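Sending over a structure as structure tokens; questions will come in a sec.
Chain naming follows the written order as A, B, C and D, and within any one chain the residues start at number 1.
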Amino acid sequence: MPKIYKEHVTPLNLKPKMTVNELIKEMAKSGCFGAGRLAEAVDIYERMLREKATIFFGLSGAMTPAGLRKIVADLIKNKMISVLVSTGANMVHDVLEAFGGHHYKGTWLVDDKSLHRYEIDRVYDIFIPETVFVSKFDRPILDVFREIEKEYRGQSLGIKDFMFEIGKRLPPDENSVLYNAYKHKVPVFVPAIQDSCFGLQMWELVVKFKEAGIAVDTFKDLSAFLELLMNSKKNGALIVGGGVPKNFILQAAFKTSASYDYAIQITTDRPESGGLSGATLEEAVSWGKINEKASRIQVISDATICFPILVAATMERLGKGQ
Amino acid sequence: MPKIYKEHVTPLNLKPKMTVNELIKEMAKSGCFGAGRLAEAVDIYERMLREKATIFFGLSGAMTPAGLRKIVADLIKNKMISVLVSTGANMVHDVLEAFGGHHYKGTWLVDDKSLHRYEIDRVYDIFIPETVFVSKFDRPILDVFREIEKEYRGQSLGIKDFMFEIGKRLPPDENSVLYNAYKHKVPVFVPAIQDSCFGLQMWELVVKFKEAGIAVDTFKDLSAFLELLMNSKKNGALIVGGGVPKNFILQAAFKTSASYDYAIQITTDRPESGGLSGATLEEAVSWGKINEKASRIQVISDATICFPILVAATMERLGKGQ
Amino acid sequence: MPKIYKEHVTPLNLKPKMTVNELIKEMAKSGCFGAGRLAEAVDIYERMLREKATIFFGLSGAMTPAGLRKIVADLIKNKMISVLVSTGANMVHDVLEAFGGHHYKGTWLVDDKSLHRYEIDRVYDIFIPETVFVSKFDRPILDVFREIEKEYRGQSLGIKDFMFEIGKRLPPDENSVLYNAYKHKVPVFVPAIQDSCFGLQMWELVVKFKEAGIAVDTFKDLSAFLELLMNSKKNGALIVGGGVPKNFILQAAFKTSASYDYAIQITTDRPESGGLSGATLEEAVSWGKINEKASRIQVISDATICFPILVAATMERLGKGQ
Amino acid sequence: MPKIYKEHVTPLNLKPKMTVNELIKEMAKSGCFGAGRLAEAVDIYERMLREKATIFFGLSGAMTPAGLRKIVADLIKNKMISVLVSTGANMVHDVLEAFGGHHYKGTWLVDDKSLHRYEIDRVYDIFIPETVFVSKFDRPILDVFREIEKEYRGQSLGIKDFMFEIGKRLPPDENSVLYNAYKHKVPVFVPAIQDSCFGLQMWELVVKFKEAGIAVDTFKDLSAFLELLMNSKKNGALIVGGGVPKNFILQAAFKTSASYDYAIQITTDRPESGGLSGATLEEAVSWGKINEKASRIQVISDATICFPILVAATMERLGKGQ
């Protein structure tokens, strides 16, 4: 009989005041189910960093309103990610906070009709008063757009360039993803930018931009992204959620010579409905997006819990973060 | 005591040779759980059509490779949808079949490393030989792009216009979504088009397009979409899956005077992870995207099962489809 | 290259007034994702019946309150199942309706504190007034228990015998699972019977039963179940939901010479959390519970939608049901 | 406008070497989504313990094979739970390890037919060689059963008594749940005991037990459980997974004067399929099982990750655990 199994499961041993990484090490000893997957993710992320991979970070789901923006900002500052691919909404809500706005703790057990009358927008258990949205996002971002319009007359911008120009014009907020991305020159790709409040606000300026001869070109970013991927010795994908960021990061390795050497995804999406968000990382191997020998793991669990744990444990191992 | 409940649950009564709509009527009699939700969705879709709402249809998940493209094509032909918002991938795979390619029945129980060696790309239990991808999508779409480049030198296109130009150049495939959308003048919005194989193929032509002075403008479509929404007497959202199509359809009603009077979503995504895909339709009421009095239902189930049932039952009620 | 894929996906073709089985045949043509799984389940169920397998039917989740009890009753009458394994709750709510009670259509969007004040018990979107529970279940079942106590003094009963005695004493309700199981001599196993309102009502009689020397013996049913399994030429498992019924049906084939030749499960539970409810049917092959050559499929979707479809399509194929 | 929202979301601030409870406090500052729920669970568990509630602990899913048995054993030793309600399987696998057996780290990416040929039983990514099962569970538990048979001739046992007798006869394994439950007199309820390998092994002895006049009485435990509940000043429910343990714990408060003052559930099951495992804790309020003023929270996430975190953080707060 071949030795087709590994060492035995060792029960987790908890101690008061144990650190996050000590807990992860206990989870590694058990090695099973979600705990085993999370422990493996920490190992892979540590290796990505030690082996100096270019790390493509995908961000979807309402992570910045949920309080994860400082973590992403810290990853940028500590050079723990190299490239950011995000949904539009995550950057919108980051900008709102950079301009001094806040998201509020609410509840999912609520009558949305009442919220509508009080002009409060709900994101699961987060509340955003419409007045905050208007004063801390809509108005200031329009001013930013107008500045960009003046500076780039007659030119064609990629979405990445557009995000950089926004980051440049934000108040210096140390917790802001977009401000820090600008400051530390981490490119930010937002492939579906029109599908967000950036798009809705641009609507007011579309005519003006057109007159000014500015176009934000849909396809322009791809070259830059592919060059980053193809010019790196090792590539790692670190994906929170799924959606466009996951697909955009992985598809870049489809028709090219490059592929990912490491991949981590934290998601609750599952494969059987056939969407790419929940597709296994093994599936990406068939396409050549992730290479056959890559270290890869999907943590099938809540990102607001597992992503902070992953980062805290990895920081502890590398002495990063402070 | 107030009458806070409705009529009692009547057990489903099955009969051999019952039609799909007869089954749905039995599900309505029970009225509970998923069956009740699906039956309610049929009622709402029927009402959307009878009351002549403009119907915004969102399509995400790998629905065209999974064999649902003819259904969407039939919805277009029978005027059962007015506007299509799709992921890029769904249109890519529709184009592949329009050019004579096929998707193959495979299995999810497979070694992806072997598939990679045989150059077969996997989408859950669908297999696509790489040779098919190259000969039936990559090459013919490049020819289409080159034709567009010649015709539109020096101009700025919206993504919707770009999709129209693609549809115009497809072989006349009666099962094709994009061909029928072109033929029947149903606008197709693909907000994240660069996040698909359209994007990957455009990469080769980016320089050429730039020299030709063509830009596919990221923000251009929004005006057209918002006008469609604001100029309709009644608006309905019919959403298969979630993702960018769901958000794009709903966000348009956020800062505008318009809102949706009917909304149906078929998805397995759930709200607690905070992503918009799984957010309840009630949440959209707080934002004013769906209006307070709207008929709305989320069918929390597999779209490849429930979407065909929804369409078949509605066709039966309206005598549409043949 | 080996022929590792099957025929190509053929798009579903919908027609008004198509029957449920005609729809299933279209789903078989596509063969993908949930639709493909459901179509395969119909094929397997048809084969189980044509090849005269002993069919072990597992029922969990609140299926009888949700209006599926007549379907199960019809399966019994039409000899489409041989053995029933159920949660206690499904039988409790079947008994409640047999005694003339009803479940009511409610809503999941409700304040449960208010419901509590109005004495209405909620099961997702089903409401049960406490008065109905008391008058149509608690009181009549106590009378039934008292009759059993008189008849079985000094004896030891298995749970299956106990369920038979209950079925015998129900009003003749043609829609009732338990009444029809009694009438058609289909054994009903309820391994966790104390974990239901049967248990709560028995609590009042525990002392009386003890004085009468009656014991409902926890382990007695196993022999009968194992004999049914081991004496059949072919065994099929048809499982709605998961839970104790799934485990009880499958475990019987663990340490014995028998195993299942066919297996279908309809569930939304997933394997990664490690529970048996969501475990793949492949996993059961490793244990020898399902044999290596068995036809098996998991339909990962809402049972209130898929179970009626499965039964209606199979009845249509076999001309059963009326 | 009423003050319908609370304080604003404060972004999580990660530090290397932070303890588990320090991380939880950051999650509390954000307060959203899964992180917010988990932080609230720690608060509620802390309060349950400080306010000396009787804590009914439910355990389902394959938690003991996955390495969580020492945590449960520690909860017993530290008086952090008062009563255990478990699936049979969790106790079976605890016994297997108490007798010196092990579970092995495997993988979910495996051919189950091969495993079957090598006689390895799979539980998601855990492997159990059949030889281990036979020598470390089947044989020693039969000896235990034979001893019980000799001691209890002519008597009727409850399942709880039966589990106590098993615990008494285990080797003194400090990591064992059942051994520690026996040692520290924590009652163990296993309502569906026959639905486990205890049942399968008892099958061999059923005739012998019958001859000896022993019956393990299905309904006997309910009185003891209800007395524990009704005689406590405050009751807390701490539920890992769902299934029979969840229902059994909650149903006890249905028809009685008692109810739960605190409730925590960690599960990935969702309410819309109508099963009790995924039902919201709010639903239990309508039935009067959880009282209206109770502190309650459902952590909708992987238990192998969240349960160790919950326990470690609570131990840290209370200085328990060492």
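Just so we're on the same page, contacts are C-beta pairs under 8 Å (C-beta built on N, C-alpha and C of every residue); 3 or more make two chains touch, one makes a residue touch a chain.
Note that this is a predicted model, so its numbers are computed, not measured.
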Original post:
Counting one step for each move to a touching chain, how far apart are subunit A and subunit C?
Top reply: 1
Original post:
Hey, which chain ends up farthest from subunit D, C-alpha centres compared?
Top reply: B
Subject >> Cα-centroid distance, subunit A relative to subunit B, in whole angstrom >> reply: 25
Subject >> Rounded Å distance, subunit B centre to subunit C centre (Cα mean) >> reply: 35
Subject >> Residues of subunit A whose C-beta touches two or more other chains >> reply: 32-34, 62, 66, 115, 120, 124, 126, 268, 270, 272-274, 282, 300, 302-304
**OP:** Please name which positions on subunit B make contact with subunit A in the complex.
**Re:** 60-63, 66, 89, 108, 112-113, 115-116, 120-124, 126, 138, 156, 159, 191-197, 199-200, 202-203, 206, 209-210, 215-223, 226, 241, 243-244, 247-248, 251-252, 254-255, 268-277, 279, 282-288, 292, 302-304
Subject >> Residues of subunit C touching subunit A in the complex >> reply: 32-34, 270, 272-274, 300
**OP:** Using the touch rule from the top, collect the residues of subunit C that touch subunit B in their complex.
**Re:** 1-2, 4-21, 23, 26-27, 29-36, 38, 62, 65-71, 74, 102-106, 109-110, 114-115, 118, 120, 124-127, 129, 175, 268, 282, 300-306, 308-309, 311-312, 315-316, 319-322
